[in-house]
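Next, two complexes with chain A in common: one pairs it with chain B, the other with chain C.
The block that comes next holds the complex of A and B.
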């Protein structure tokens, strides 16, 4: 069977398995962990679209995550809008910030580490802005009032949040699949592989990159919006901190960069490892980061195409 | 169909192309020859929009194209290959060619099918699922050709597609290029393989140190002392001229 068709079948199968997961995970701690894992997988999926398929490594995806989170929080707290409007507005804002950041960097041909640094700088600027402007609640953060009701994107039980997040993750997965199968996706990969050749074949490199960062920004904002609803509290460091940016890029690299399921697999592996580290070290802070660093080194050294690449190679050996 | 008028390109202190002019007639196979460093690739890059000219005008099908970007030039109907091959290394041959085919096919399935058709034309049908990175030099040259062809150009610029090939492979690719021309595509090519240039081209321009020093039918150029001098140096040109005077 050709790989295109396998993916077309695998996506609904994986989503169905995720939908059934609460049966095995119960309704307590583990379901909460699964929920944040999906949130993180959605963010990773967003990064992968731009970094994995497009080859434009962002070091500042917190920019989009934080913007999604703050837009929905501020709209609710300051303007009294409902969080579903916040979801839409936050997603659009993430895409718009992506377009703005992309227009500035790609217009001037910034690539590689220069582009990465610009995204990092953008995220930092927004972190400082969120600390200093009044309507975000400044450094003290912003609290979304508790008012449990599905109409208010707040659920009475963990399963409600889990399924809400699963839908958002499904959006990010299906968008990625659609991109893979589209002309835009072929052009995005061509730009990653060789810009001169891509341009000679009629590809407007600037437009393709701009499209990718806009889409990536919007998807990353989805996970930020969910974060705000799930924890009902935000501060500039949580939203725009570099920790978010690092997690966004580690999961796809570990799982398999530029692959459909890499971000999900990477997110699951990292969260599982984080749990193990927590148990072993009695929750010593920062140790999970050290562990992720170690994992990254191992992957870069032995698995250049991540876990998905390893599975592919094993599959071929047995075939 | 293509007209290059007094085009120059300066790289810092180096005048790589110096007021070059040439015309390519629709439906022909034209050649651009000259010693290493003459400026052939630079001239191609200017026609293709990859490098902006310092001075001069380039027109295609009656419209100015200098100042356009690479992708815009491609949309106008000019395809090019790269002398230093530029494959999408992480993709298969089929996917490489499909990127070109996407210019006229929005759907992925259509582009992949068109890619298979183009692969047949250049004799790559058996290599479609190979990773581009695994191709030999000859394979990469063909892939360059196939990708450019997949954009359905009206003018094809071929930059040394025979370099590094063995005589059998050269014979095959000459056949492919003739086939392309017969399908209605105009071809402008640079080549160091003289036998190929002589047998393929109807009209040849000779570039030396950025200047067009001669132009005409292949048979006329081989006896042109300016051309011989550019290739072999002044002494050789003198000897050959003396020799031909003896003979006549």
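The block that comes next holds the complex of A and C.
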């Protein structure tokens, strides 16, 4: 079957399977874990759009995650707006910051490790700004009041949060699929493969990269908005910390960079590995993290094109 | 239908009965007392690992003591079974661990040492009506959100800063007001930044000029620039608010760079009331004052705790003290609740009037989740000891201030 047709069928199937997951996961710890997995899968999907399809590796996706989270939190706490408006505003802000960061970087031809470092620097600048300005609560952070109601994007049970996050993840998955099937997606891949050749063919490189980083910023902001609503507390380290940027890029690298399902698979595998490591080490402090790191090195050493690449190779061998 | 039991069946039943008597009956007896699961949640990995490990050790020491002295008598001598959890120094991991503890069937949770983590875990526990005793989180929002499951045993920011400032003024006045200018060094998360904000408002009102406020991240591994900044500002007093490692590094760098203010007055200083710091970095630690959580050294129960710490090679720190005391409060609440039921345990905590703990607080009195009697004390590192210098009722030594010049 045509790979494009397979993906068109696979997307609704995967989303339906994820929608049915709470039946198997119950309502406690595992559902909570699945919710945060989807949140990081959404962030990873955003990174994948820019880094995987566009070849522009970012080390600072916390910039967009944090902006989405802070915009929704500040609008609610300082201006009394509802979180659903905050969701839209946060997403737009993420996209706008993406466009701003992209315009500055790509206008001056930054690419490769220079671009990566600039994104890292932007995230750090925003972390320091969030620590310094009073409306974000400074280093003390910002606390969203606990008012459980779907109108407040706060659900009484975990399933509510899970389905809300699933919808946001579905948006990121469908947007990525649409990009992959569009002319813009083809341009993006062309830029990744050979920028000079793409330019020679008449592709506006700057515009394509700018579009990718704007879209990527908006999608990453979605996961930040969700984080703020799920945990109701933010501080500059949580929002703009380098740990978030690392989470964003690890999942696609493990799952399969520049693939539709790579970020989701990577996020699931990372969380599952973490849990397995936890069980194996029987809660010995820190040993689970060491084991997790070791497993990660093994995966990266033997699966350079990720788990999706491995599945592809196995599929071809059996064909 | 009339069923008669034949001899073989009678023998079989007798055999089963004998086996039950030998094996089953003690099991039933054990089940009557059983155990009470208590979640012990701390950041034992990540940047807060030392404090989290100390906190866990203190809680486990109290569990050991309660179990060794007959367990929870109201529940037939039931033993407390600690269910350990690691927040990995991250709020979201702490919240996820609450889900795990809930599924493990704990009756209540103790932890999680840091303010940012406590904000997430208390809220997560509230979803399960799971009582949560907060040990060290000092941000006042922890108890101001109307969560009926949350009980903070120790004092919060408001109480600590007001006590710290009152005592600072007293110490400074008693020495002839040598300090007029102050420099604040703080870590930039909820704890340190909140403290710096309060100090910037309160210090000028008490006659001190704040010459600079320097923030740093946790972790920070080089304090040279900060020490040079302090040297150039030349304040009379340095007020640090940071966690353990940063406090030690800062104190050592100040010593190396020969920065000699008239006093270092920490408020919740990460290491200023840490015996390991006093022993291992004795010269850098000398005369540092702190306003912090500390036990009442006069109480026999506190002296026994200190001996137990020494026997088990646990550093005598406020994390261990507060968690030991919190577990004592939990043990008492379980006695009064006479139940594993979360609702009854919550009610027992809300009505708690326990004064057998090691802290200088008096009987517990939770008002909206905050223990009203909780208060910090002032300590100072003198020689190799951490002495209580304020309030006078608990004092074991007189304050040495300003720092004598060699």
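Things to note:
Convention: the second predicted complex is superposed on the first by the 298 of 319 C-alpha atoms of A that agree within 3 Å, B and C clash if a C-alpha of one lies under 4 Å from a C-alpha of the other, contacts with A are read in each partner's own complex, and residues count from 1 in each chain.
Everything that follows uses one rule, which is that a contact is a pair of C-beta atoms (placed from the backbone, for glycine too) under 8 Å apart; a residue touches a chain by one contact, two chains touch by 3 or more.
All values derive from a computational prediction rather than experimental measurement.
Within the superposed three-chain model, A:279 lies out of touch with both chain B and chain C [touch as defined at top].
Set against each other, chain B and chain C touch different numbers of residues in chain A, with C touching more. In the superposition on chain A, A:143 makes contact with chain C only, not with chain B. In the superposition on chain A, contact of A:197 is made with chain B only, not with chain C. With the contact threshold set out at the top, not one residue of chain A is in contact with chain B in one structure and with chain C in the other. Residue ranges on chain A touching chain C, taken from their complex, read 28-29, 32-33, 36, 131, 138-141, 143, 145-146, 156, 158, 227, 231-233, 235-238, 283, 285-286, 289. On chain C, the positions that touch chain A within their shared complex are 44-45, 49, 53, 84-86, 88, 91-92, 95-96, 99-100, 102-103, 116, 119-120, 123, 126-127, 139, 141, 145-147, 186-190, 192-194, 196-197, 215, 217. By the touch rule above, chain B contacts chain A in their complex via residues 48, 50, 69-71, 74-75, 79-80, 82, 86-91, 95, 98-100, 102-103, 105-108, 111, 147-148, 150-151. Of all residues in chain A, only 181-183, 185-187, 189-190, 192-194, 196-205 touch chain B in the complex they form.
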